[in-house]
Amino acid sequence: MERRYRLVLSCPDRVGIVAMVSNFISSHGGSIADANQHSDPTTGCFFMRVEISANSLQFSLEQLREAFTPIAASFNMDWQIEDSSRPKRVVLMASRESHCLADLLYRFHSKELFCEIVCVISNHDDLRSMVEWHGIPYHHVPVDPADKTPHFNEVNRLIESHDADVVVLARYMQILPPDLCERYPHRIINIHHSFLPSFAGAKPYHQAHERGVKLIGATCHYVTQELDAGPIIDQDVTRISHRDLPEDMVRLGRDVEKTVLARGLRWHLEDRVLVQGNKTVVFA
Amino acid sequence: MERRYRLVLSCPDRVGIVAMVSNFISSHGGSIADANQHSDPTTGCFFMRVEISANSLQFSLEQLREAFTPIAASFNMDWQIEDSSRPKRVVLMASRESHCLADLLYRFHSKELFCEIVCVISNHDDLRSMVEWHGIPYHHVPVDPADKTPHFNEVNRLIESHDADVVVLARYMQILPPDLCERYPHRIINIHHSFLPSFAGAKPYHQAHERGVKLIGATCHYVTQELDAGPIIDQDVTRISHRDLPEDMVRLGRDVEKTVLARGLRWHLEDRVLVQGNKTVVFA
Amino acid sequence: MERRYRLVLSCPDRVGIVAMVSNFISSHGGSIADANQHSDPTTGCFFMRVEISANSLQFSLEQLREAFTPIAASFNMDWQIEDSSRPKRVVLMASRESHCLADLLYRFHSKELFCEIVCVISNHDDLRSMVEWHGIPYHHVPVDPADKTPHFNEVNRLIESHDADVVVLARYMQILPPDLCERYPHRIINIHHSFLPSFAGAKPYHQAHERGVKLIGATCHYVTQELDAGPIIDQDVTRISHRDLPEDMVRLGRDVEKTVLARGLRWHLEDRVLVQGNKTVVFA
Amino acid sequence: MERRYRLVLSCPDRVGIVAMVSNFISSHGGSIADANQHSDPTTGCFFMRVEISANSLQFSLEQLREAFTPIAASFNMDWQIEDSSRPKRVVLMASRESHCLADLLYRFHSKELFCEIVCVISNHDDLRSMVEWHGIPYHHVPVDPADKTPHFNEVNRLIESHDADVVVLARYMQILPPDLCERYPHRIINIHHSFLPSFAGAKPYHQAHERGVKLIGATCHYVTQELDAGPIIDQDVTRISHRDLPEDMVRLGRDVEKTVLARGLRWHLEDRVLVQGNKTVVFA
């Protein structure tokens, strides 16, 4: 994959944003390899993502950022420029269920996911061998149900010491404390095993069985302080029948969970997910 | 389609039910054209649906019922036998939105749905011409928001006078009173424009837009006294994106609604839906 | 829906196209309501579609075209500008099967499809009443199997006299002669009842049954001289099982056919389909 | 999972088959845990699969087979009885692409697939470490393009010496010689990376890109002497767009391939796939 700079921005909508951005790029010889934009009529916000062929610019990333700063200021933009050749640093968190973890490890191993998995943190030691086979450090951080604070302190220390860009809760079954959620806004991704907002909280497949739904689903979302209520990145469903008991749903749901999580993480790694309030704009 | 008798039953599960039923049929020369069964391990209930080629029996339907009665009693069965050549009598109810109504009328007109649509009842007069083109009586029964009782009395009178087997709420936007729901258990079918249990109640597409879900859906269910909480017959979803406003969801959702409703009604007309508590067994 | 000008273009890819186009628009005060672009690395072609809020320009459509002409020339563009408020003139062609026709008529009637259906042409008289109920002229043009030329001459005369922008073969079961195909490049849309390139030609559901596939599909494509081989606009599939006979596939396939055709036509009417060789770029 | 005997049969359809089979079972105290049947009106064949709770019978599997033999003979049945507690012996074959292999290994490792993977055979040594981590023997059998006979002789010897019940071609890129195909009828399962019959043979994603289809798929089928033409067990598709190059299709297709192969293998392992001519009956 050719190296690219990814410019991602949002700002109040007005005439001339695209012209200004594309002029800026072309005036420096930059070639636009891909571009997406979206105006939200309900909020008056404008969103844009542009991929610029890095070798079409004589700039470094730093110079590019500097040059773009005054334009961004004049349009009141939230913005960032990323280098596609820099892999994001990912911390995976898991518990005992391995399907999402194994799936992400495989996609990383086969170079489908471009990132660096800097470590796996788990409250159990079960998945150590699988993780270490991939050459990735495994941190077993037990949870004391009577006092979870030491666990989360250590988790936080590990995230910081590994300088993580993004944390993925790959069926990590603990609820993060509010301060941890707040510290990494839109940087902690969770997979919930239901089609939210249905069946938030515990044992969603049992809830689904109880209600007699005909499809079950999974939801990949950013973690916020409110449980299972953060901005949704992706969702999908699969069909079930009256024959399927909760344990069948667990089995069938696993395939949906891992697909949805991998897709959501991929989009995040490629800077395709922009957050607006409690919703996402996904330039897939 | 060859004429068939449809035997549908449920009873406490035990050894020998299938043997007894199939012996009964074959001992009278009956040929089983199709059969489905299901044992629910969580409730200990057994469900079965058998299609018998009518011309393989020297029986009338009445004689068949009589002959089966002692067997049914010995197994403590809930059961019915239907003749596939008798069209069920259907009352359609609608308001102003025509997509579900038009879809059902077309499927009826093209003989895809085997039934008799005995009338359409609406609280508005808008859809009269469309209905009457199909040669179906149209009853305009206005609703007085201050007192809905006269409306529902007249609705009930019409359902009774038309001797309806099933009532379909094809985007009829009024909430039926409890006594009407009770009078026709598992005989009133509604289409709700969300993937229940998410977004029950009013304006589900606006609720979906608010929450930022990535799929919208529709749910076909039997009506009970609790709003949007009856046994689910079928559900489906379609993908949306951040670009879709509530009005786009309305448009995209229409195709899901009409497909799900037509499928659910078809299954009901073919005696494929068995109710167990607040859930359905669908022998599709 | 707010009135918009739709600029659709393709040209050899090079630096500065987006900048030039967006400058052109913003320098005249034009507000970009929506935009899509695509660079095809295998052909070196660039494709773009821009929606401009019409009331943000002090221009007429004609002046806009005139002003854009020199820019288009300098980039060697194939291009067009359309006014979203002008409904395209559509001729529908059908035979005896009514599901696609009825579906398009309903979507037109309910204002979901923005267009003018100027007439329906059929080689049978069966669907006259349905069409005329919608207030649309119905032309019955019989086919003489021994000499189809008079039929196609009359079809061509009707298309011309109605000044059609697009012709939709809504399960019209005749193969158009090459000269008719050539006369309306990328303006004749067909629905084929298989997932092309599988099962081109006659009786695709029977072919599918013979082969034992587990999904059946439908394909909406532009008609070219080669049968069922033109640029594909959209496709979809539905699941079947060993229980489904060809007649069941016909029934299940109808829902796929009408959905795919309606979606493809909608995209065409909104100038979202660009053709490149024998393939399409769809800015959906 | 409770232990069960699986009786699978096919025979010419006639009155009384179900009665005879269910009588046979219930007369020995056997409890039917699950049952499926299918009459094919086009061939006059009848298919049945029954799961009997093993602990409801006082029989051994051998005695059960013996007792059923005369019944089977009188109905001219093809039949088998399997013990659900005996894992089938599976040989996996792969080349360099690991996604299907890794997926099956994971499902085996997590006990989702109930079988014994007796060995992996590959014409390359690349995947040895992944396989051996699972504790499974890895046989590297190189192919000499000038003379493939020694390779296939060794493959055959390994299949025989491992006493395999089923061989899975998990993206093994060699075409099996006719005699090997014949030796294991309906016991060699292949995954082809297209929605067959479209794009049989080499490089299906490139063929799909060339044709401009809007969905790509995968097909799991039994191997016969004719390339990519054996009985289809399962298929699925995923949506693509004009943006997707063949390499994107390869990536997106991997998820479809592995899901379809895992589902097809699971059904085979559970004796749910019955072959009729070049088609399958799948009691899923």
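Residue numbering begins at 1 within each chain, and the chains themselves are lettered A, B, C and D in the order written.
Keep this in mind: a residue touches a chain if its C-beta (ideal position, glycine included) is under 8 Å from a C-beta of that chain, and two chains touch if they have at least 3 such contacts.
If you're wondering where the values come from, they're calculated on a predicted model, not measured in any experiment.
J.: Among all other chains, pick the one whose mean CA position is farthest from the mean CA position of chain A.
T.: It is B.
J.: Quick check: superposing chain A onto chain D on C-alpha atoms, how many degrees is the rotation, to the nearest 5?
T.: So the angle, rounded to a multiple of 5, is 180 degrees.
J.: Return the distance between the CA-based centres of chain B and chain D, expressed in whole Å.
T.: 37
J.: Quick check: how many Å separate the C-alpha centres of chain A and chain B?
T.: 41
J.: Quick one: which residues in chain B touch 2 or more of the other chains?
T.: Expected reply: no residues.
J.: Mind pulling up the chain B residues that touch chain A in the complex?
T.: Listed in rising order, the residues of chain B that touch chain A are 38, 40-42, 195-199, 211-215, 217, 231-237, 241-243, 245, 278-282.
J.: Which part of chain C faces chain B closely enough to touch in the complex?
T.: 98-99, 102-103, 106, 110, 112, 129, 133, 251, 254-255, 259
J.: So in the complex, which bits of chain D are touching chain B?
T.: Contacts found on chain D: 15-16, 18-19, 22-23, 25-27, 29-35, 37, 39, 56.
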